[in-house]
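So that you can tell them apart, the chains are marked A, B, C and D in the order they are listed, and the count of residues begins at 1 in each.
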Amino acid sequence: MCRWLSYVGKSVFMDELLYQPDHSLVSQSKDATKAVTTVNADGFGLSWYGEKASPATYHEILPAWSDKNLKSIAEHTRSHCFLAHVRASTGATTSRENCHPFTWSKWSFMHNGQIPSFDRLRMGLEQHLDENWYLLRRGTTDSELLFLLLLQNGLDQNPQQAIYRTLEMVEQAISLKDIDEPFKACIALSDGKNILGVRYSSDGKPPTLFYKKKSGAVVMASEPYDESRAGWKNVPPQSLVEITDGSVSVTPLSVSDS
Amino acid sequence: MCRWLSYVGKSVFMDELLYQPDHSLVSQSKDATKAVTTVNADGFGLSWYGEKASPATYHEILPAWSDKNLKSIAEHTRSHCFLAHVRASTGATTSRENCHPFTWSKWSFMHNGQIPSFDRLRMGLEQHLDENWYLLRRGTTDSELLFLLLLQNGLDQNPQQAIYRTLEMVEQAISLKDIDEPFKACIALSDGKNILGVRYSSDGKPPTLFYKKKSGAVVMASEPYDESRAGWKNVPPQSLVEITDGSVSVTPLSVSDS
Amino acid sequence: MCRWLSYVGKSVFMDELLYQPDHSLVSQSKDATKAVTTVNADGFGLSWYGEKASPATYHEILPAWSDKNLKSIAEHTRSHCFLAHVRASTGATTSRENCHPFTWSKWSFMHNGQIPSFDRLRMGLEQHLDENWYLLRRGTTDSELLFLLLLQNGLDQNPQQAIYRTLEMVEQAISLKDIDEPFKACIALSDGKNILGVRYSSDGKPPTLFYKKKSGAVVMASEPYDESRAGWKNVPPQSLVEITDGSVSVTPLSVSDS
Amino acid sequence: MCRWLSYVGKSVFMDELLYQPDHSLVSQSKDATKAVTTVNADGFGLSWYGEKASPATYHEILPAWSDKNLKSIAEHTRSHCFLAHVRASTGATTSRENCHPFTWSKWSFMHNGQIPSFDRLRMGLEQHLDENWYLLRRGTTDSELLFLLLLQNGLDQNPQQAIYRTLEMVEQAISLKDIDEPFKACIALSDGKNILGVRYSSDGKPPTLFYKKKSGAVVMASEPYDESRAGWKNVPPQSLVEITDGSVSVTPLSVSDS
């Protein structure tokens, strides 16, 4: 089911969040506590923003805990905004192409959850894509497709609207095929300045999502990275989270399938 | 442009063909002589047939010359029929998913050449695929798509017809988009008993293709694997090669684009 | 702490043991039940014997559960004798060079356990090696060093004696440095015909080791590969196991450190 | 024989030197012109200095030209001092552990050349190492050993003296074993502020080495990274290069073997 962490605020060395906490994301790659799967070792990825508008990315198929490159990059690189993801595959191959975050232009995207019965829905959903977005497909995950659907639905113009349209598009496809299992989506999206979060499931029981305000920064993550859990707030199911200039707004998300 | 070798006949340890010759396929991965690109180091792959109807496969993103697993497998595994490929990317990522041979059921396929202006043709050609074939797509190469089009066009029922239909389908797509560059396809296809070869280019100038009869076996390859070149026969451009029970039949291939 | 499985007897497709059982070695790579570490995802390896005296080997740094090459090789390759290992690092890097089984000539070796305070013992133990064995060192694990010490101590001439000498050599080194933690070694060794097993710990509490007689074959493994556990016998601590021609002999192992 | 590039001066995005020039280091990985081997695809590595005293490192076994992580890191990361290396193995395995630059504390080191008949010299040279340096050995290359010998010989106290002592130590070992082939060493060493270069060979015919002064910076490399070659100066054989505060000093290097 994957685990992820997103950060925006004052510039920090990334290992302060990814390695140093006692229940850090890298330790969650081997031993997540709030996840359906405790092992998230089917690759990982990191996107971070620096001076340029577009993010840098690093994707690898090793378990995060054993990759020395990731450790060195995290220890030596400062960023004011970054997204990190450890993957537990729900079916698709372990390859760099299938590792989050997915990026385009200034945008970074990562996802925890799944589109149910994806084999029955994939072709139909991919046909919603215009050719320019269709050709960006590199792998076979439902997650990358969600990102391309967001782009198709106007992410670059109106992110909130694109999120609504994309969730509805997936729910409609599920409805048309009489699929019973729920669509689950815990999403982080960033343009390098703000972070948008989604905690959603068709059945109202999405994966966990938490955020924490720190001095000059906000972290949003699948689960708290410290054992104490001090200061972490639970995002309610069916919520849209908007993190801007250090403030966090959580609003109910209402998705219809018709 | 890639290099490949196919073998069918009496059972041999695969390294006899892949490593031992003085201009072996593995040495061609670093230093091909008859190719547009001399370095073929964007991954490699091997499919081989044993007791089962379906082939075993091994794909890796390292250059073939430095992979110890390949060497050990080739030294210790006998096969009566195998396909081996070293890749030089014409654009798509270096990933296992993009490494030949591609396989389905009893079939193995590999390719040297390219569909021109593939970004303009990819989406249209993929839409020719029925959902069962469409969902087999794992990577982003033109080569994997050619294999899926062959399956769509009845490879399992009538291979020769499937080859004609597929070449025509690609030529028609090129023609519709007014693309000037030629479609190039040197293909090996096997069901574990017979090997089919294609040497084709829209402009009549396909990549090289050679075959050689050995005692109890036939080899077909992009270029001879020995410096002496003794016994190697050149396959003429625009040919279909059929290797069955030790005999080789070469017939002209006539493809129309309308 | 690693998990491993060894097999000798009638020729079988390796996936019958490595994948098909409900608690197979590959499933143990994610979820071992009798181990200190439940995740064994720091690489894996396989050595198998066929027609040649030396074994074929396959080593990879991916978790075993996500490697398609391993699955295809195991499904298509028969062997009468093979060793398979999934690794949980006790410190050394995740690299192919650090993956078991280690091999030389006809010999294969794999290990679960550890030499305690290895940084304090490594240099001294490596200086016991003659240059011909010293130069075979490829990685940095205590396990590879144990194999080289076995070779140094005459594995090829008298395997049982080499095992005694090697365990004693390590115990002496530990004793000289006043190291308190125990040396733990569950070892499988094969020449392609017979398998030798060791279940040993300085403190009499070694990792688990089991064997099972099947029709025409014997399996020895870190833990049973089926949930039912029917037919599996526990190897007592401080034992030497000798599997020859389908019979299993278990004898007490008495190691002195002086 | 490897190719490398080192840079020190005003902070730049690393891709300006590694990718953008028409004969960049990354293009040299496929097509070096002044090297014994034209293909340098047995892994690569990068170390760069930022705010911390120690360098960040990135090592990978893919050919440099096909690694998207390297491209993204180079495009988005500024550094005032970095070392980059593309490897052509002279025997040792393709593994991350065998990729340059090797680092310790603030030091980075990379090498083009080789210790001749290394199998005959390796054990003796490794025995010159004190245990603290011996235990840093991760791979099996002659290059990593040269770096450890430099540390053993006081790199951190007196780099120039450590270079002399190390070259002499290797020459003495060669002399003792009556080895005829030359020791070749083009070396770059950095502490994050200055760069030291060595162009040396026992026979006075070392691999090429060039440097170029740019506005506010100096580059030293195995070969010029632009076709025009404007401004590049050839370092004479048997030279020590010291790059400090934008100035370059080249002094003759006189090594005795007794």
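In this section, a contact is a pair of C-beta atoms (placed from the backbone, for glycine too) under 8 Å apart; a residue touches a chain by one contact, two chains touch by 3 or more.
Note that the structure is predicted; figures quoted are calculated from it, not measured.
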| item | value |
| --- | --- |
| Labels of chains that are neighbours to chain A and to chain B | C, D |
| Interface sides of chain B and chain D: same vs different residues, half threshold | same |
| Euclidean distance of C-alpha centroids - chain B vs chain C, Å | 40 |
| Residues of chain B touching at least two other chains | 68, 93, 96 |
| Contact set on chain D toward chain B in their complex | 30-31, 39, 41-42, 61-63, 66, 68, 89, 93-94 |
| Chain A-touching residues of chain D, taken from the complex the two chains share | 48, 50-52, 54-60, 68-69, 72-73, 75-78, 96 |
| Chain A residues within the chain B interface of the complex | 93, 95-97, 119, 122-123, 127, 131, 134-135, 137-140 |
